[in-house]
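In the two complexes below, subunit A is the common chain; its partner is subunit B in one and subunit C in the other.
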Partner chain A sequence: MVTLDVVSEVTGTVWKIEAQVGQELSPDDTVLVIESMKMEIPIVAPQAGIVREILVQEADMIHEGAPVARLEV
Partner chain B sequence: MTRFKSKLDTVSPSFASNRKDMLRLIDTLAEVRTRAEALSEKRRPRFAERGQLTPRERLQRLLDPGMPFLELYGLANFLVDTIDRTASIPGASVLAGIGFVSGLRVLVLVDDSGISAGAATPTSGEKVEACLDVALRHKLPFVHLVESAGADLFAYKVESWARAGGMFYRHALLSAAGIPTITVLHGPATAGGAYMPGMSDYVIGVKGRGRASLGGAALVRAATGEISEEEELAGTDMHATVSGLVEYTAEDDAQALQTTRELLTHLNWNERCKSPGTQVFDEPRYAPDEIAGLVPTDYRKAYDVRELIARFVDASAFEDFKPRYGASTVCAQAAIYGNPCGIIGNNGPIDPDGAAKATQFMQLCDQAGTPVIFLSNTTGYMVGREYERAGMIKHGSKMIQAVSNIRVPKLTLYIGASFGAGNYGMCGLGYDPDFLFTWPNATTGVMGGEQAALTMDHVARSGAERRGQVVDEDALLQQSEELTKYFSDQSDAFYTSGRMLDQGMIDPRDTRRVLGFALQTCWESRHRELRANSFGVARM
Partner chain C sequence: MSDEKTTRDLLSQLEAVRAGLMDEQRTEAVKKRRAQGAMTARERLDCLLDDGSFREAGGLVQPDRSNVLSRKIEAPADGAVMGVGRIEGRVVQVLAQDYTVLGGSIGAVADRKMVRLIDCAVDSGQPLVMMLEGGGHRIQDGMNAAHFAAASPVFNKLALTSGWVPNVVAIMGQGFAGPTAYAAMADFVVMIKETSTMGMAGPALVKAGTGEEIDAQTLGGSRRQADQNGIADLAVDDEQQCLVAVSRFLSYLPSNSAEGAPVQPFSDPVDREDEELLDLVSANGREVYDMRRVIDIIADRDSVFELKPGYARNMLTCFARLGGRPVGFMANQPKRKGGVLDVAACEKAAHFVALCDAFGLPLVSLIDIPGLAIGPAAEDTGIGRRSGRLFYEMATATVPLVSIVLRKGYGGGYYAMGGGRAFNATAAFAWPSAEICAMSIQGAVDIAYRKEYESAQDPQQSRQAMIDAIREQTSALHAAEDFGIDDVIDPRRTRQILIETFNTCAPRRPDRSPPRRRSISPI
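What follows is the complex of A and B.
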């Protein structure tokens, strides 16, 4: 199994988790939304894959570069 | 150029809801815009009685039919005259813009004498001066159709009077720069207003209506006791035959405007400006109309600014500059009506990499002589420990320095949030953009209202904790609500446009036309040679 971590491009708070474990994602599909600097910034799948794990919870404070989900690609 | 492939779903619920919200704002703008005209039109019978054209008819007669006209400062004085949004009248009793007269690009100003006889509002002087600045910067002949009761003595403000002197100062600069100024006297120009014809290179007076005097009959009587009749004191005939203030006379408004059109053809104005040649371009592949459904009016909701760029640039094609570096700051090379331009947009707050990328991009545009368009939609430069350590201040400063010092034309459009220093880095008002327009959904300010309220909430709580006091939750909640409203009221685009913190509010779907016109205006001004002198032309 080849996996790929989806990382946050920005420091902020996890506002809404949109993808579910087991879900098949296309490139640019939203995994979750980060609230940062008063904006809702979507973190998207860099390539197609199946969500194997969501690594954060809503309201978690996360840093730029932190992995937020693991995809099987 | 690479053609952009849109991912926008134009039948999605979010598209429909965005479009509904945006069209509601556009309708508000349209309704507000009609107010000045409706008020002015009430005086139509009076104009007709005197054999005059209305101010809007004068403008229409002056301009070349079928050619574009870019209105400037159309919302000036909105919410300044009254804070009642349903009653405030925009425009500051002056119509202004860039248009074509006898094939020449000129700056036109028309006194809206249908409103309080054209008396100055608190913002009118500032609007006239700002238009004179545009004429000077873009080397545009300046035509002013004058009919004004002058200052309203009951609303006199010493600061307005003191600053209004700058109008005539700018007239002098234009004349010396080799940019002709023309005044058409349709009606009275009294007191300070008399310097408008006085300082103009050419004056065309309408017989029986055009008047200019330092003091009207009433003031003269108060000052010296002399009883005079307006026509012998100030009339066009007197000035054409005795004082020498008027160069050309006309029987009525229409003839005066025809004379103005002919006068401009005699200036040989385009002799010293090379022609841009025929532009070859393709229209965008994605309809500009879709902008209304693309952009959420709530700035918190992110969208890809490339989708917007694709809806106003030629062929929906552009080169995405370093798309994977500083990814939330988008830089692209494109063209509008065949005019090359660099575009900087925001897909989120500006981080250190984004600031560095934007800086490099601006310097490259300067090197190539390409104008830069700023699509300002940023909640600011990133804050926080890791960003400070990465040199956010250093990189943001670099970007602000580039914005300040690049020598190419700068065009700014407020399209969403424009907060804090992000506004500065994205070429806000203080950074001297050549043109600056706003969309109706835009919001500008030091920060969002909720951010301000939350910040002060934290300050109050930590202060109380330090002093060992208990926080008054009710008082704090009230403070937060008041502060949010206080900020939000001031950051609203209608409020800021009324205060002339931009040059006007546009329908987002007109973005291509407005930016294209602005780019062409910049191109012309950069390619025009002037016959400047050191003195300005004096009337003998």
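What follows is the complex of A and C.
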């Protein structure tokens, strides 16, 4: 199984998790939303894949570059 | 009967030599290319150039035979097919490296040919187009001080093209070392996904030098070099798309900076209004939207050509046309990192501003920016210094500039994007949804008035009252009242206003530089 980590582009707080484990995603589909700079910024799938793991929980503080989900690609 | 050859005999001899350079007689080389699924150098030239327009120079050269290592090598055209051709009628100076000749390595004679080609481009004011595929310096020539000590003037020459003629590089396959170094001097670099590579050295040299093992695509494929590092401007799917991209890039630019950018006939009405603009950009600053869609709506239909679409995606840089006139759009992309200006976005925009300014393309700056990037990660990228490059290029540019604040015009980022009077813009506009101030209103209240609202009877209500009061004075209308901007415009009329502004303004804003020798970029 080839996996790919989805990483956060920004530092902020996990606002809402939109994707579910097992869900098939297309490139640019939203995985979760980070609240940063008073905005709701979507973190999207960089390529097509199936969500195997969500690595954060809502309200978690995360840093830019941190993995937030793992896709099987 | 005389043994002397006639001119006809000599001509036949010449034609035989010339025919030996062509694909028809180089069957083994062509077979190898077919096996690799790649075009030959001459096929690439045929595909890029107008039919029958190519006139070769230096096809008859032989490699440097004074070098003991090169006495017996076969190197048709010394591995670099070059000359003059036309792209959509326009003359270009063009070169295609031949990968079937010693792996596309750059021999001593090929280097002289390249220098000559660049001289021709500079002297004639014609675009330079190089289709590169090879491993850099040819070992046989490189390991010879008689040749190498003199070094090549190629980079000195390439620097002369900068800002004078468009300089385009297509990395058609392997492009470690030499091709990457040439590409660093180009205005536009295009790669082929899963095929092209770029980098200072390929896997073999990396392993020899550092012991690290890595495959070529992981080391220097388009995902790393176009999307992650931005050293290529575009990654496409195949060779044909690669050459189409070269042609399309050039279509927005003049042959040299003394000429005007090529205006094309257009059918899209100047006064076309699109209701979608009223819904696309939410006045609620928390919501994101796709700024690329805004550009697509405003510009002439199907005229948008995005540069570096995979790199620093929080900043959009696009060539497009407005009423047939080529222009450059730079825009914050709220969908990505909220549209913040980080180092990558600043450098992407700065290079684009310089490119448009060099070739006379007016700039449209669409502003929706929460600010410059902050925090330790941003500081570690050197943003305090490297963001200066964008300010510098904005200050240096003299092409017409129109700024439009769609929503957030916050902080130093608003200045950097050319908002208001920051850089003597030709015109400064805002949409009614604009909010222009030093930082986010909530942030300002929390920093400056926390003690005050926390001591109130109802802190939440007090905080909200402060936010509402400040919001009143950050509106677009308030910005126009003190003439910080020229007007608040109906989003639907943006296209028409831009076209009319560029139709009526001078082709350059005044250059107010003092009589200095040169300016110095912050980086």
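To be clear about the criterion, the second predicted complex is superposed on the first by the 73 of 73 C-alpha atoms of A that agree within 3 Å, B and C clash if a C-alpha of one lies under 4 Å from a C-alpha of the other, contacts with A are read in each partner's own complex, and residues count from 1 in each chain.
Just so it is clear, a residue touches a chain if its C-beta (ideal position, glycine included) is under 8 Å from a C-beta of that chain, and two chains touch if they have at least 3 such contacts.
Since the model is a prediction, treat every value here as computed from it, not as a measurement.
Visitor: Touching A:T13, do we find subunit B (first), subunit C (second), both, or neither?
Guide: A:T13: touches no partner chain.
Visitor: Contact-wise, after the overlay, does A:E40 reach subunit B, subunit C, both or neither (first, second, both, neither)?
Guide: both
Visitor: For A:H63, decide between first (touching subunit B), second (touching subunit C), both and neither.
Guide: After superposition on chain A, A:H63 lies in contact with both partners, subunit B and subunit C.
Visitor: Per the definitions at the top, what is the overlap between the subunit A residues touching subunit B and those touching subunit C?
Guide: In subunit A, residues 9-11, 36-42, 63-64 are touched by subunit B and also by subunit C.
Visitor: Per the contact definition, I'd like the list of subunit C residues that touch subunit A in the complex.
Guide: Checking each residue of subunit C against subunit A gives 285-288, 314, 334-338, 340, 370-371, 375, 377, 440, 442-443.
Visitor: Within their complex, state which residues of subunit A touch subunit C.
Guide: 9-11, 36-42, 63-65
Visitor: Inside the complex, what are the residues of subunit B that reach subunit A?
Guide: Residues 7, 299-302, 327-328, 348-349, 351, 379-380, 382-384, 386-387, 417, 448, 450-451.
Visitor: Please name which positions on subunit A make contact with subunit B in the complex.
Guide: Residues of subunit A touching subunit B: 9-11, 28, 36-42, 63-64.
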